[in-house]
Structures are given as structure tokens and as C-alpha cells.
Amino acid sequence: MTTIIRSLLFLLTVGLLAMSAAKPTRVVFFGDSITQAGVGPGGYIDRLKKMLPSDQFELIGAGIGGNKIYDLFLRMDDDVLAKQPDVVIVWVGVNDVWHKASFGTGTDPDKFVKFYEALVKKLKAANARVMLCTPAAIGEKTDFSNQQDGDLNQYSQLIRDLAKRQNIPLIDLRKAFLEYNMKNNPENKEKGILTTDRVHLNEAGNILVAEQMQKALTEAVK
Amino acid sequence: MTTIIRSLLFLLTVGLLAMSAAKPTRVVFFGDSITQAGVGPGGYIDRLKKMLPSDQFELIGAGIGGNKIYDLFLRMDDDVLAKQPDVVIVWVGVNDVWHKASFGTGTDPDKFVKFYEALVKKLKAANARVMLCTPAAIGEKTDFSNQQDGDLNQYSQLIRDLAKRQNIPLIDLRKAFLEYNMKNNPENKEKGILTTDRVHLNEAGNILVAEQMQKALTEAVK
Amino acid sequence: MTTIIRSLLFLLTVGLLAMSAAKPTRVVFFGDSITQAGVGPGGYIDRLKKMLPSDQFELIGAGIGGNKIYDLFLRMDDDVLAKQPDVVIVWVGVNDVWHKASFGTGTDPDKFVKFYEALVKKLKAANARVMLCTPAAIGEKTDFSNQQDGDLNQYSQLIRDLAKRQNIPLIDLRKAFLEYNMKNNPENKEKGILTTDRVHLNEAGNILVAEQMQKALTEAVK
Amino acid sequence: MTTIIRSLLFLLTVGLLAMSAAKPTRVVFFGDSITQAGVGPGGYIDRLKKMLPSDQFELIGAGIGGNKIYDLFLRMDDDVLAKQPDVVIVWVGVNDVWHKASFGTGTDPDKFVKFYEALVKKLKAANARVMLCTPAAIGEKTDFSNQQDGDLNQYSQLIRDLAKRQNIPLIDLRKAFLEYNMKNNPENKEKGILTTDRVHLNEAGNILVAEQMQKALTEAVK
């Protein structure tokens, strides 16, 4: 029910925006392979396009597989700022953690924060509103025994701290995923609840992310 | 209070054992650097020597720094079986997890179980009673954001499952450490509560481990 | 030409052996996925069967994918000693090095030597003649720029030193692969010369290994 | 003797420059802990200051411990461009390789090139002349059995290729170190020839690097 009211409010907000502004709000989704897949059919960006009025929102995917925070920083001029976005939703962190074990090329936590701060600074300087996401999952087991859980929790906290410190809206996907799994993953499965392969989103995952993003975008444009 | 009653029961048990058996129960503590330090002044084995009647228990340390499960397996003939122990308390796992990140030489979970099973099999064949411990901690933060928390939880669960499967007494130090930290580490510190350096025991840590071991030994010799 | 003479000598040796001994020499090939594939059609063990007289030699593959030195040690009773081999050719090391980068679960050099020594000791105690091989390749580039070249050279040297120290025949496959590549890989390709995928043998690789093994077996049974 | 002639030529060059230009050439040394130590007494930058006429050259150290290529990129505006350098000598790569094994946070080869290219592009855009160095050593053994030799050779080649592709002067320190060790390290020691600890420069190392830099600077300002 709250969802319905929220949706109505959202549409109202959007309607008011529509009257005052001719141009739709341009949102760039800036991230890794999860975001790259998000523009495909059924992906979370594809879903958001149907959930948000197209005359109010222009949604642009800017995800590239394997990207870590410093990859985003390196390509932000070309792939984000060149598009003159009104809003940039940054969702990164899985590879910064995961690549430690799989390639030996993850990102140190202090460097992660430094690059994230530099990224945010540059986005703000370009008058883009920034929204941050926490990395959702590498494994869905609910007993905190996924190999990267410790690191994912640490890096998520670093992002939460950064959002708080700079008063930036946060989409806490890690929290949302954990809560969803606590309810819907009684067998402590490592995948198949919100992901296909412990990391990338299945249908339920795309729906959950789209809902979280919709909610955040609604509050951001209020 | 239960502790007092338990201690009395323990002394009673020990007393009965004393009447029936002339020889003290020989216990070998088989592990890594934590156990190696355990025999030093104030170490958990040193403390246990004072907590248990010396005519009832003979305590022998067999810890070597950097050891993983397969190192224990390799040296068990010389360092454990040659001593003809009545009880062997195996405490290993921290390096199997930790060395993944620090040297690239940790232990795969399936290999961990295989070697642990082979170790237990050989100890049982030598008529030693076996007791298993879970790895206590690599970092004491209570929000599950220590880098190795995911893996430590997984390997601890593998040990719990093995103990259950083979009906072996378990000393769940990881559980004990987490509970202690939940109560005594409100500031989410990474060390200094039960460890000096996130891994090795400080005074409180040695006391906690000694208590857990005493309790388990009591129940084992009942 | 030398090859022809060597082959004749080999057949002569084998012939003399044939007269004196009714039972063929039982050779177990003990190793990882490369050896596991070696028994398949065109594999190096399959080729050796055709290159050696079947009444003189019985060749048995005992390779399991992903095995490191300590995995061999753990399963040697069941998979090797139970077969009462006359000769055991040990070929291991690639995963001990490779798994450092890909899983964080490689083998420390000092542990590698310790387990290898324990393995050899046990094989000798069972009256098996042992032959050691160096790990051939992880990448075939000839300018020493394959990521694991440094480690492979180190572990190969550890094996050479062990062979020398204990007077054990050595099949120096790493040396043979390097020499072959120096001649036949002018374009500094990373695969396709002796391997299909930088590690596992293609046809030329299987032929080269079979020849090296034949030569070594010939000298061993002289 | 060639060195004397070269030095005379160099002084001549510098003399001619002195007549035409009042301002000394400002050189920034941009790198990691090796460069950070280079400004200390006896360090290679300290030595260069004595080897080059101070009215002709102003030498500024900009090294920070633990830096990888992307750290240089992140801080180049503040630490290099703000100093309006005439020449920037970039010396990086050891941590990009080393941190794979020690922290799981090295740099992928393709990312290494991407960031290096972006760095060079920005330096050139600021009208700085750029000079590249190859990473000298992680271990001094001459039989290519230092653990990171394969990677160091690969990353050095990536730098050589970049220098060639963009027609940038190259100071091939890896080559110089290897050649020096081939002559002066007959016992295949892992440290103590040019380094104190396999990586950081001892006196001979600082002298060798200073000579290489002097030579390159001479040719650059010709």
C-alpha cells in the first residue's frame, strides 16, 4: 500500500516537474557488468524505463564489465560527463573486492575511498546530482559465509560513510539484498534468489533493484 | 554460578578418574602459532595447567607458526602420535584462510575438509580422542566487516559439520569469540578485545580459550 | 640418428629384461590434469603405450585435475602404493604455482619441498623407483614474460635440487619445453606450440613429453 | 672513457642551454617508494643533484610509497602539473605487480596500459616532456626465478611498447639491472647487489639509477 501511495506521489512529483520543465531528467547509470546487463530486456534499467514516465526521465546505461572504481574515474569524462547528466547513479564495488581473490587485482580500501571521492567531486563540479549504491552481493548465503562477505560489508560501509559525510543520497542495495534473502532464502543457497550466479541479477534481482532505484529517484527529484 | 557447579563436577570427575587411573590423561594441543604461543607464560595452555589438577592431566603443546591443516597432517606422526596422546585438541584454520590474501597460499575449502577428515581418521585409528575447534578470529569487528569473516564463517561451518558427522566434541571458539565481542566490543574495534593483533590472543583471549577448553575437557573425560 | 640408436638400445634393453623377467615393469604416472588427460587417445601415456613393448611395460595413469603436491601425498596410498608400482613418475607443480593467482590457494615453496620429500620417502619405502619431472609451462612465451615464469623456474629448481640431493632421475620437462619453444616459437606466442591453452598439451606437446619419458624410462630400466 | 666524453658533451649541451635560457630545466621524478627514498641523502635524486649543474637543472621528487600507475594518475594534477615541470620522469610498476601476491590489489596489464596512456596524454597536454622507466626489480636472482619476474618482464615490455608507440624516451632500468646483475651477482643472490631488500636501492643501485637518468636527461635536453 505504501508503495501505491509512493507511486502516486511520485507520479504527482513527476507531473509537476513535467509542467515546469520541458526537458526530461537525464539519468546516467554508471557501473560494471551488472549495469551493463541492466539495459538489456528485463534488466533493471529496462524495467525502470517502463516504471517511469518517458517524458520525465531519460535513462542511459553506462556500465562496462569488470569495472572497478578507478575504471569509472578514468572513463567518466567520455562516458558520463559528455552526456551532461542531471543525475548519476554510481553502482560499483563488486569487482574491487572480487578481483582480489580471482586475479590479485582488487582495490585497496583506502584507494577505493580516494577514487570514489575524486569521482564524486568531479561529478558535482559538473552540476550532476550524484547517488551512490552499495555493492549488492557476491553470494547469497545468509549466514555470512560467502567468501567476500567481510570485504563487501567493509566496502559498503565505506560507501555509506562517504554518502553521509557528503550528504549524498544512498541506495543501500547490500542492505536490501540481505533483507530480501533473510526472508526468501531459508535454505541458505548461494545463488538463485536474486542472482543467477552469485553476482548478476536474475528477474527478482532486477525487479528489486529497479524498485530501489525508482524509490531513490523519486525522492531525489522531489 | 553454573560455572562453579560445573567446576565442582569437573573436580569430582577428575577425582573419580584419579582413583581408577594412575596415569594422567595426556592431552596434545595441535595447532598453529596461537597454540605455539599458548605454552608461554600466561598462554592458554599455561593457564590450563593451573586450572586442571596436574596429577590428572598432562598437557603438551604442539603448535607451529604458519601451520595449515595439511601441515598438521604431514607432521602428526612425529609431533602427535609419537607422544601417544589420550586426547588431541585440533585448532587450525586461521592460516588456511588468511594466507589466501597475504601469500596466495591458503587452502581450498574442499581440500580443507579432505585433510581434516584424514587427520581425524588417523588420530582415531591411534585410539586418541579427538576434539575440534573452530578458528576464532581474524579481526574482531562485530559488524561482519573483517576481510576474512566470510571465509572464517565458512571454514568454521565445515568444521562444525565434520564434528557433527563424526560425532566429535566441538569447541566452537569462533562462536565464543563473536559472543564475547558482541558484549565487550561496542566500538567495533578490530583488535584489543581478545587479540593483540586481530589474530593472536591477549590476556582476555587466553582466559576465554582456557575456559572453553577446560569445559570441553571436563565433558570429554566424564 | 641418435634417436634411432637410442631406440635400438632401448629395445635391446627391454629384450634382455624380457628374457630375465616374466612380469612387465609397472609404471604409475602420478600427477594432475595434464596426466589425467595423458591416458586419453593421443595423450602422452597413450602414446607411450605404443612406443614401449606392452609385454615389458604396464603403464597406469594416476592423474587428477587440480592436484598439487599435497593432494598427491594425501591420495598416494590408495592411488599409487595400492597398485604396487615398480616405477612412479611424479609430475606436479603447475597448480602449486598457478593457484596462487587464480584462487589464492597455491603452495608455499618450503611446503612444496617438504611434501615432495615426504612423498618420495614413502614411495622409496615401498620399493618403488621414483622419477621426478619439472612443471613444463604456464604460457609459452619465450621472453620470460609469462606471469608465472619466475615461480615456475623457482619450483623447477627446487625439484632439480631434490632430485640431485637424493640421486633420483629427473625428467626436466621445463627445460625441454623452453628449448623447443626457443626454436619453434619465433613469434613469442603464449600458446599453441606445445599446449592448447598455455598449460595442457597439444599433439606436439604430448609427443615431446612421451619422447622425454621414453628416454628416461629406458635409462631407468637399463 | 666514453662516460667522460659523454659528460663533457653533456656539460657543453648544458652550457649552450645556459646561454640561451635563464631558467633551469625543471624535472619532476614521479613514482613510488623508490623515488620517495631517492630524495634522501645518497638517494638517486640526491646524487643527480650533484651530478648535474644546479643552474641548469631543478630536480623535484614526487614519489609516494605504495603507488601504482593509477595512484600517479589520481594525484598528478596536484603533485606534478601544479609544479609546471619541463620534464617528468615516470618510474612505476613494481607495486602494480607486487601487490597482486601480497595484498590481492595489483593492476591488470590492460588497465596498466590504459592508465599509463592517460597519464602520458595529460602530461603532454601540459607541455611536459615525458620519460618512461621500466620497473627495475623484485628480487635480483639472475636465473629468472624471482617470483614476479614473469610479470615484471611483461609490464616492462608494455612500457617499452608504449614508449616506442608514442616516441617517448625510455630509461630501461630493468634491462640495466639485469645486465648489472649478470656481471656482478654470480651467486644468484636475491638481494644485496643493487637493492637492500629485493626492491629498494642500496648505494650501488642509487648510483646505477642516477647514471641512467643522467644519460637520459642529457639526451633529452640535447
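Each chain gets a letter, A, B, C and D, in the order it is written, and its residues are counted from 1.
We take it that a contact is a pair of C-beta atoms (placed from the backbone, for glycine too) under 8 Å apart; a residue touches a chain by one contact, two chains touch by 3 or more.
These numbers come from a predicted model, not from an experiment.
A.B. asks: Just tell me the minimum hop count from subunit A to subunit D, counting one hop per pair of touching chains.
C.D. replies: So the least number of steps between the two chains is 1.
A.B. asks: Please state whether the interface between subunit A and subunit B is built from the same residues or different ones, using more than half shared residue numbers as the mark of same.
C.D. replies: Mostly the same residues form this interface, as more than half of the numbers used are common to both chains.
A.B. asks: If you average the CA coordinates per chain, which chain's centre is most distant from that of subunit D?
C.D. replies: Centre of mass proxy via C-alpha means gives B as farthest from subunit D.
A.B. asks: Specify the angle of rotation obtained when superposing subunit B on subunit C by their C-alpha atoms, rounded to a multiple of 5 degrees.
C.D. replies: 180
A.B. asks: Report the inter-chain centroid distance for subunit B and subunit C in whole angstrom, where each centroid is the mean of the CA atoms.
C.D. replies: Comparing mean C-alpha positions, subunit C is 40 Å from subunit B.
A.B. asks: In angstrom, rounded to a whole number, how far apart do the mean CA points of subunit B and subunit D lie?
C.D. replies: 50
A.B. asks: Using mean CA coordinates as chain centres, what's the gap between subunit A and subunit B in Å?
C.D. replies: Using C-alpha averages as centres, the distance is 42 Å.
A.B. asks: If you look at subunit C, which of its residues touch at least two other chains?
C.D. replies: 100-101, 103-104
A.B. asks: Which residues, counting only subunit B, touch subunit D once they are in their complex?
C.D. replies: Residues in contact with subunit D: 101-104.
A.B. asks: Show me the residue ranges of subunit B that touch subunit C in the complex, using the header's touch definition.
C.D. replies: 70-71, 73-74, 99-101, 103-108, 111, 114-115, 118
A.B. asks: Help me check something: in the complex, which residues belonging to subunit B touch subunit A?
C.D. replies: 100-101, 104, 139, 143-154, 157
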